[in-house]
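Okay, handing you the structure first.
The chains carry the letters A, B, C and D, assigned in the order they are written, with residues numbered from 1 in each.
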């Protein structure tokens, strides 16, 4: 193996501990030039940590790192050094500066200079071209904070790609992208691959792996399971290797899905009439029945999140009104919506979801506590029981229930947030990208859960950029196009291509 | 610059709308330090009442909030407003050359009150009105010695602690100097320690507490203003001593409250520091406008008020 | 198209705030001219006085703005300025060191002071407020240790520097005695303005300048984007230390002496000016142009109060606060309106 | 095993703050052996440095408690507490009047003062929570105006209260050997602790301080919570103000609580709390407050002149926070490792 000529990066016997957690133990990883190398594993397997260790964000206890198959060790003590060693990275959580313009975010630290001063014109032009090549049509001189998560993700990618490096690392870049964006990304990755760049690609989407990757390295609980050629590792085996047990993902859901179709009752739990919020979402009608799962799909920025937020009262509607079981609601703040039994799991985990420094327990309990009111403190014992229950149900991987949530892996944080809302056992649950960054195993678990909840009579609004999983879970699908609800698809109409051309705007539906 | 000022008197009628609307009232710009103490407030009051419209003045008052930069700024604004006379109670002694230079160029006479200023060229201001802090210190020392002689403990050991004012303030410098020099002549008077109480009662009390724990033989307290004296008195009482009897309290300023405290027998003496500069300033201002020359240095009259005089003095204190 | 973009950018978020600040300033100044016209508020000199009296503050505010942009704060500058003045006076008067040498020395001292604070903040990750609070105590105490008593500067070269007027002879006004008056400024103003321009260019056109914004925007991200956050922060505090000393020097040109209580609370004025100018204490947002107007606004407020001339001491305090309040609230309201759009 | 235990102890949040306090006190013991001597003096009151420290730090403790909550909820500091103290004092004195007897019942004076203080806090809270103005700037307004308002109330003169029992609050109650301020401080701390302990407020404040956007989405009223903490901070300032006034049975608008806001903030930080908001420890702040007072009292005891005192204060503060800084500990550990490695090499 060491003989191999074209190795651009090799990590050997990497060990890394966090207080209470063995994140990595004796992990090897080899990257060759001109290959796309998938790094797979369940949530908390250690993928991000491996990357952070490599790029000097975290220090590792022991182990060795080599680049270009050279004999001498390279240790990057900071991302800066990593870049010097020709490693450029897109981290799992979007890491850009919201206050800087899009262009600056792409070029910060390596701005084009002219007469010893930054050449703003050139910078903006370059940035524009770069984003156009990923066809993102945005004003690069505006501050980044004006754009949605998805856009920010694309900008981060653009930055990483532009630092033409020997090694490009992408930690779950696709989690917040939709189909078309992903196509673009893959296009770029393939180009780079031809140019001989080695690409590390972390994702939880198996089909993506099989589409673009050449090799797969699988981690489980911080240990190396093995390195495989894509071609001789069928899906089922891959999943088995990741989870350490046999697993058949979809069949079961399909079943429950169909029998759940019957017990959709006709009572309208939520009925939005002419609801709208200027600037983000135009007035729309939408009804959700008891025990029904309704899906929202649309392109990036089509306003799915916005629609959800308006119903939840997170954005105050300035047109129309929401009825719950025929009763008109006045929603001044989210708490009002919670009081009548709504729950909202936001898409932007880092900004709107987690309370970083608080423990898993507090993060889970907070919503329920808020609902009960400040003077009815849930006693410690009950808190712990509840937390433990949901840690168990959702299989959250955490050192203890008192661990600060920021120390959990991305996916596990998502689970905690989910737990937070299930605790309040709502009548109407809004899930905005709930499976974003969640591994296959848990993903199906969550999908099952959704279906189960629905069959128990809960109404669910399910927003996802991943059409398959919507198909698996929803009874009805609302289609959005740039801030407008353009139609609905029900049971029989629900199919990949129907949805696709509805989204893409093959005229109005119905 | 008497010539200028006479001119201005003649022309003021027509040249500026400012003067015409205020008849031939004398416009005075007064830049006060702030309102950091009773003394200061009394001083401001005295100015305002003396430089009133009925006395033929138009007063423009500017409070510097204890900041010199504000004060120079105010003076510059006075100059732009073309006042007839500028009166300054300086925050500090330094930094007056340039701005007073500007006043001189504009031909506006300047009266300094309270603290002295420190300028290389003393034609920059017409005159100074204020207290002789050093003299106050000397008076205090002399009174103390006399008093002890009367008590018959003239030759006994006396241990003194001094609560100084804000370090660097001319009151603190003058009083410390005056007192120390005079008392130095008497070998049996020993100054144990000098520590600043920043002219406030609370600090005075805190510092005195520290003193009392350090020395158990204190029998004289010199407080460089009445407020600190009050603080010291409380500290003494809290420590189970009787101020006025077994510890002699010498204080400065002689504000109303001090007299009450003397009547209560807590304080032995307060050396006056007279804030009532108004009348003197107004008469000087009139003279200057009339082009008469005036004494450069003008001390306000000040007395020493021992406890026995308190009773009959109290009624005629205005502050 | 290009124009459209420009204007769009102008109205984008923080630039919008800046515009508001500038407009509010002119509104305030015009109000002053209107109210105190007959007292001569309209004279060019009154405007120039804003710069003369605030030269030191201008420099301090510029430095403060940089620090605030990194998301830090430096409340030590007031004391550092005090110490600088005292040190200058002490060296020239008590130690007979030449003016030039003394100035160089204080600038070095200031820079070193900044270096130490910077190290504690950037490398030991101690909270800026606390470090600089300690710095504030330290500098103030040192001032007292150098000399309890006030020191007046008599050094000719220095005083010449201080007194050096630059007359605008092409403008002439007549006072009521019929004397011809030419508006003038002092050297200190020139220094302040040069510093200002330099810092403006530095922040807009250098990599380092931009990286300051990045650090303020999101430190973690800045780190992950491969910026050397620690060194950037360190440098900013060093620069600020230098600027504080420079401000001290300019300040000293006005006060031509040193004493313990000098420039107490100056840091608050710098922070206030900077914030009125649209800088966010949370970091990432700010602009020296804004700070310039912040300073001018503060100056105008004070001038208006002086011209008004009948307020008692306490009403002065309250009036200043009220006007300050008016500005801050105005801004936040405009900002809110902007967000809605 | 034993070593593990030690490690565990050092992990405890308050470990370093407490150590620092102890260090300061020990230092005193060495310099002035009589430091811990507590006696009963002739008028039956406990007497000694230690008593002074606790007594004098009462106001600071009370302020620090309020400040801690502000910092936690809004990641910003309330720099107006000093001024608020002055206002409260002024109100109290002007209600009670400087006659031979009170113009109004004693408790009316106190209540009036506290009410106004709460209003001040509410004003700050309104600016910070509702108008979203940055705390330090929002409170700068009252910081500037406060003493002006106080002087407006007193007419710029120092108002003396002649009735004797006014002094009780600031000194001692008859036949009680312990200074009253100590009781008040303890009271405030305990009540606040219970308030946080018995309600969800503790969790709410931290949540809002860490991520107010997320907090809103999960049903917390961030605005209200921040507003409340500022009101509470105002209340604390009011209490402190009344005590300070009673100490000198008069209101000196210029000097009551002068620069105390800085010490209060310092106390919060010395207590190991982050000024960045979020998680906080009340006990830490209290310890911090006592540390600061211990420091100045002991420096006085050593005859350090008040105007040089800040230097020593600064040095000690820096030492303390450096000790607490995790980066510093990391650094030290690194050195240790290096040394170990070096030795290793030598051996090889």
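Criterion: a contact is a pair of C-beta atoms (placed from the backbone, for glycine too) under 8 Å apart; a residue touches a chain by one contact, two chains touch by 3 or more.
These numbers were taken from a predicted model, which means no experiment stands behind them.
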Chains touching both chain A and chain B: C, D
Pair exhibiting more inter-chain C-beta contacts, A-D or C-D: C-D
Centre-of-Cα separation between chain C and chain A, whole angstrom: 45
Chain B-chain C separation of Cα centroids, rounded to whole Å: 33
Junction residues of chain D, two or more chains touched: 151, 156, 305, 307
Numbers and ranges of chain B residues touching at least 2 other chains: 35, 41, 44, 167
Per-residue multi-chain contacts in chain A, two or more chains: none
Touch relationships between chains, expressed as pairs: A-C, A-D, B-C, B-D, C-D
Residue numbers on chain D that touch chain A, as the complex places them: 198-201, 203-204, 206-207, 210-211, 213-221, 278-279
List of chain A residues in touch with chain C within their complex: 57, 78-80, 82-83, 89, 91, 95-100, 104-105, 108-109, 111, 113, 117-118, 139, 141-143, 159, 279
Residue ranges of chain B touching chain C (in the complex, touch as defined): 4, 7-8, 11-12, 15-19, 21, 29, 32, 34-35, 41, 44, 59-63, 65-70, 72-74, 76-78, 80-82, 92-95, 97-98, 101, 106-107, 118, 120, 166-168, 173
Residues of chain C touching chain D in the complex: 73, 120, 123-127, 129-131, 133-138, 140-142, 144-145, 148, 260, 268, 271-272, 275, 280-282, 312-318, 320-322, 324-325, 328-329, 332-333, 335-336
For the chain C and chain A complex, residues of the former touching the latter: 5, 8-9, 12-13, 201, 204-207, 210-211, 213-214, 216-218, 220-228, 284-285, 341
